[in-house]
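Reviewing the structure listed below.
Order as written gives the chain letters A, B, C and D; numbering starts at 1 within each chain.
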Amino acid sequence: MTPTTGVWFVGARGSVATTATVGALALRDGIAGPGGGTGCVAELPEVAAARLPDVGELLIGGHDVSGTSLPKRAEMLAQGGVLPARLPEVLAGELAEVDARLRPGAGPATDATQREAADRIEADLRAFQAEHRLRRVIVVDVSSTEPPLAEDPRLDSLAALERALDAGEAPLPPSSLYAYAAFRAGCPVVAFTPSPGPRVPAVAELARERGLPWAGSDGKTGETLLKSMLAPLFTMRALRVRSWSSTNLLGGGDGQTLADPASAASKTVSKARGLESMLGHPVDGPLHIDYVPDLGDWKTAWDHVSFEGFLGVRMSLQFTWAGCDSALAAPLVLDLVRLTARAQEAGETGPLAALGFFFKDPAGSDEHRLPAQWDALTAWCARLGAEGAA
Amino acid sequence: MTPTTGVWFVGARGSVATTATVGALALRDGIAGPGGGTGCVAELPEVAAARLPDVGELLIGGHDVSGTSLPKRAEMLAQGGVLPARLPEVLAGELAEVDARLRPGAGPATDATQREAADRIEADLRAFQAEHRLRRVIVVDVSSTEPPLAEDPRLDSLAALERALDAGEAPLPPSSLYAYAAFRAGCPVVAFTPSPGPRVPAVAELARERGLPWAGSDGKTGETLLKSMLAPLFTMRALRVRSWSSTNLLGGGDGQTLADPASAASKTVSKARGLESMLGHPVDGPLHIDYVPDLGDWKTAWDHVSFEGFLGVRMSLQFTWAGCDSALAAPLVLDLVRLTARAQEAGETGPLAALGFFFKDPAGSDEHRLPAQWDALTAWCARLGAEGAA
Amino acid sequence: MTPTTGVWFVGARGSVATTATVGALALRDGIAGPGGGTGCVAELPEVAAARLPDVGELLIGGHDVSGTSLPKRAEMLAQGGVLPARLPEVLAGELAEVDARLRPGAGPATDATQREAADRIEADLRAFQAEHRLRRVIVVDVSSTEPPLAEDPRLDSLAALERALDAGEAPLPPSSLYAYAAFRAGCPVVAFTPSPGPRVPAVAELARERGLPWAGSDGKTGETLLKSMLAPLFTMRALRVRSWSSTNLLGGGDGQTLADPASAASKTVSKARGLESMLGHPVDGPLHIDYVPDLGDWKTAWDHVSFEGFLGVRMSLQFTWAGCDSALAAPLVLDLVRLTARAQEAGETGPLAALGFFFKDPAGSDEHRLPAQWDALTAWCARLGAEGAA
Amino acid sequence: MTPTTGVWFVGARGSVATTATVGALALRDGIAGPGGGTGCVAELPEVAAARLPDVGELLIGGHDVSGTSLPKRAEMLAQGGVLPARLPEVLAGELAEVDARLRPGAGPATDATQREAADRIEADLRAFQAEHRLRRVIVVDVSSTEPPLAEDPRLDSLAALERALDAGEAPLPPSSLYAYAAFRAGCPVVAFTPSPGPRVPAVAELARERGLPWAGSDGKTGETLLKSMLAPLFTMRALRVRSWSSTNLLGGGDGQTLADPASAASKTVSKARGLESMLGHPVDGPLHIDYVPDLGDWKTAWDHVSFEGFLGVRMSLQFTWAGCDSALAAPLVLDLVRLTARAQEAGETGPLAALGFFFKDPAGSDEHRLPAQWDALTAWCARLGAEGAA
């Protein structure tokens, strides 16, 4: 199958990107095994109805600041049980090919000015698209989570931002720098992390100006996914949630980043936002994200929900989720690429509210309940499918 | 508020009926306290839209074979923490009034023939309606679970059944005898237990013939409720469930009945039916219901779900549900009475598929997924509301 | 039974003290019901062997800074399910009698100088003993947890402390002030909280000087209790614990105090100390104590232990503990009073290492493993019993 | 290191035996990796004190009725995550050598009479010992669990048994046939399964007559291990256990065998026996063992303990154990071989009560509490060590 759609990972050597890359290659080559495509929402008939590009049509490139090669990262993930042992071996050559397409990411000290960094990223994207004659390139942020952003008037409008960049200033957090460069290169963006990325007003304005769609933010893969399914259970049954306490234990690169309280703040904010909205009232209870290196890519989350029923009787529900974060995230990343590519093809612009199903903090929507998000997603897919057919 | 709608409990002195009775009285008198009406789905705007009779309009009567009075049962439930301590005291007089309206149930040896028993039950229902000038009476089966029914040609058609009854035979299990008598008295039926009740073809035929609606069966209050919410999570996310193991520990009268393997069979069948239907394939794993007297009305369920994601990675979810069964069931029983009364008023007949939301084994429907059941319920309510308004 | 042994609660109107008081009265009056004395270690034959004073011989007094009366506190605890509903009613008169024996506690602003406060507390204790002709009075600290103590040379020796007090300074945290006054009054001390209390070197020196025994600190009632039983399981089986993560959710007065990070610090330090000591190496994993008001006196703790077995295979154990903190603590408090009284009678002085069984942070001992602590306790009791018999 | 001690596995190609074999070889060759010997109780100083033969001195042989070769079984276990992926490869040659020493097991149809089967087994054992000039051979039963035994007077005394065998009858279950042959060959026996084995009176009599030690039965590796640690927690704290409910989910060969209710009966009996003995009173609650093929060698057990504390307050503890059964069992099997070899050397005979620490159903002892079993084990080891030194 000739590649038609480029995938450009920011954080291309991270766990999520590596798992997605290995999976995409294995699916393309037909060696993913039975259950290989499990977790790919885009393969469900209600979503496939949108007439999406095939996984085999994707071509992967990206940026990263890490020097560990993709084949090496894949091996490490196999050792941790995230990938089947045989795949990194079988795909070693193809992974090396992808690795050769990766470009140095933009860190604090990599470029003289942020303007130069943006120009370089834009050039990398244009070169990638031209060299491989791709119809379009989707930029996906799967790099390390950044701390929340302080107020900054230079980010309030595109004009203010351009002035600051012209003045040699560096007002953009890396995720927003990538999004800015992506939009300038004509590429839609998928913000899979809780980092500011395309949400910054100046950058979102740029997307609008260029007529580009984007999706975000913060992939919903574990405990929040469950919350978004269980909270509606309580509301549909008119039961009153009194407290909802959450503990997340995780190792891996992401765990390490989140061990920094500043970065974790992005995550907890993005996780907490939904619960109150779904229940219709604030709800007590801690939300912890803890780095436990020992657990590797395996996240264990424990939630304790105390609720009240008829005549005030108190009851409780607790669950333990033992999930492999990257294995949960990777198929969604591929889904999002295919859906966002289709959205661009169909002329959609701005935040893609219909993709809220995939995110903890859905851009363009206030809906956090998974069933309602599913309805919105599949209605949108049906519409795109009908249009495509026209 | 003048009573307009009768509620006739079969099993009127059981935990569920007693909790529902205390709750209905407390709500009518405005002494249920904050959170008193929690768990009443009919109070949610999307359901109330159907223009339902008020809880205060309900008048309660019933049958039971137990001699323990309603005030006494209420006290016992308060001791077990199912009811607030103060209510049985405050409502002692009103409970005694309801108790005075209860009639002896039909057991193996209470009536000379099943025909006579049916006639007596029918007469009790007609007398109740007439004496209190009720617009309608809804019969609700909340009596002890019966074993599954063996094939019996006498139950295959109404004609065959009538012949058998005329011949002095006793082919009906008690739950179906009550349903038969109810339909003859012109009363809709709510089958809150997994017992055969109105599902028996001959009895269902009678409902059709008389143009009466009925709802069932087996109230969905605990682990199955969670299953019906979590199974769709897996299918929406294209994750493959490999095994789903369930253990239910419960005491109370219901637990005691289910300690009898024959009765438990009804329950496990009705619980298992849904999972395969929701997941689209059979799924491994035991389903236990265990009688642990120590736990009283508090049911503790543990479920372990093993599932597979991208590239075959195995993960798991487990939950523990600690719920008070009667407190979960009672508000649903009141909801069902109000909804079924409204259905009759609106001229609906036969099994009410739109009420599948409330049941483990929904009559008239194959849909077990809670979100879809919610959509069906609220669409129906909206339609009834619109009709009512016309 | 004539009272022989005084119990002086610091924090006499708190949950633990109130539960212990109600329980002691109920046991004395023979109205505790079957299972009333459950949780009283001193009733086990191996401990009773020490020839302890009977619960019926105890007379209760104390200090508190709260104005809520003991009968009122008892009622509140009954409402929260900590005490049987009937006891506060039945014991209302006797609780009022105890309440009348309570004296105002020492707070930041209650006494002109710390010297005066100490004198007042000492006088209260002497008056209590004299008025009721008690053989001895045991002072038990069950007041709110204090923050950890900063280094202070004035607390390093008794001489330095006396100088500071004479100079009108206030170097003692409240718990140590009470302990200081208690020792001056000739009373042994039980430090049931993690507060500094008698551990402060100057105060411990005073105990030695006066030949008084004391026991502490921080009652081991919940998750730490389980840890002290499960950690030896892993060491006895040569399994290597890789991480041990703990989340504690609790409401109640204690939860509220611990919501203050400064106070919680005392607790987490005292909880963490043991694990490393029992496993023989440091172990990863967070330890959270969270205030969830909704849970009242009911603490829910979740622990996740990841461990390694043969050839490096990884496994896990997780547990959820749902305990009523005050109900777990109260019988231990009574046990400790009786054991400490017996220790004083037997002439023991200084920290009572043999009582480490009861504490998270055992004074006078480095042994945290519950089985070994049990062996030490029962050996000590056997010895005291033999002496007593002599 | 020259082999001195033979290990003869009955069920040599099963999961437990294969894991133990791979582990023993890896430890001998020094390639087990850090943490390789984890789980070997015999390496703890308190046990090693007995002066045990080294793992490197063991030489492995055995019987099995399965045709799947040991190297193949090892590979399958590696795929299931029970063994590190690299070991089966590295040890392929040595595993083939062990495989060459395995002899056909005795099944219903393998030998003309049971007498002949016994003779053949005895000959196999003598040949193994002679060929490799081993000081002694320990026979370890790790074959499939058998159903409980019906009463049979032919098994009540050795004389009766010999008569029956001479008459061409087949009164012995396989496990007891192996034990009988082992004792005749002068070999001690370790009964790691719950099967009757050496417990049958006639066979135990033979051991006594020949002056041979044996140990059993049913290795304590998972939920029962936890029970034997947690039940003493409740008794030491004078808390009353009201119910203890257990669910065990397991796949693997053992799971498959136990899916047969007859075989499972052996296991549940052996598991239940201890709890009542430790708590001092019967205790309610189900005990399930369920075959869930999907889980492979990974057992997940959930236990729910409801208990009562001071003044009758009800609390609960629940735990989930996710263990790899064979990885837990294998090091104990090696421990038992070394300890039983040492016992024989030291002249011990009959059931080895001091090894109760390792078993669900300890032969020669009524002690089920792990701490007390540990004390007994280590005291015995100290004594053996002292003797050995003499």
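Simple rule for what comes next: a contact is a pair of C-beta atoms (placed from the backbone, for glycine too) under 8 Å apart; a residue touches a chain by one contact, two chains touch by 3 or more.
Which protein is which chain? UniProt says A, B, C, D = Myo-inositol-1-phosphate synthase.
All values derive from a computational prediction rather than experimental measurement.
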Q.
Return the chains shared as contacts by chain B and chain C, ordered by label.
A. A, D
Q: Between A-D and A-C, name the chain pair that shares the greater number of C-beta pairs in contact.
A: A-C
(Q) Need the CA-centroid distance for the pair chain A / chain C, whole Å please. (A) 50
(Q) Quick check: how many Å separate the C-alpha centres of chain C and chain D? (A) 44
Q) Residue numbers in chain A touching 2 or more other chains? A) 81, 316, 318, 320
Q. For chain D, which residues are in contact with chain B within the complex?
A. 242-243, 245, 247, 249, 284-286, 288, 290, 292-295, 300, 302, 304, 306, 316, 318, 320
Q. Tell me, which parts of chain D touch chain A in their complex?
A. 81, 85, 320
Q. Which of the residues in chain D end up touching chain C in this complex?
A. 19, 22-23, 26, 32-41, 43-44, 81-84, 87, 225-226, 229-230, 232-233, 235-240, 308-313, 315-324, 327-328, 330-331, 357, 370-371, 374
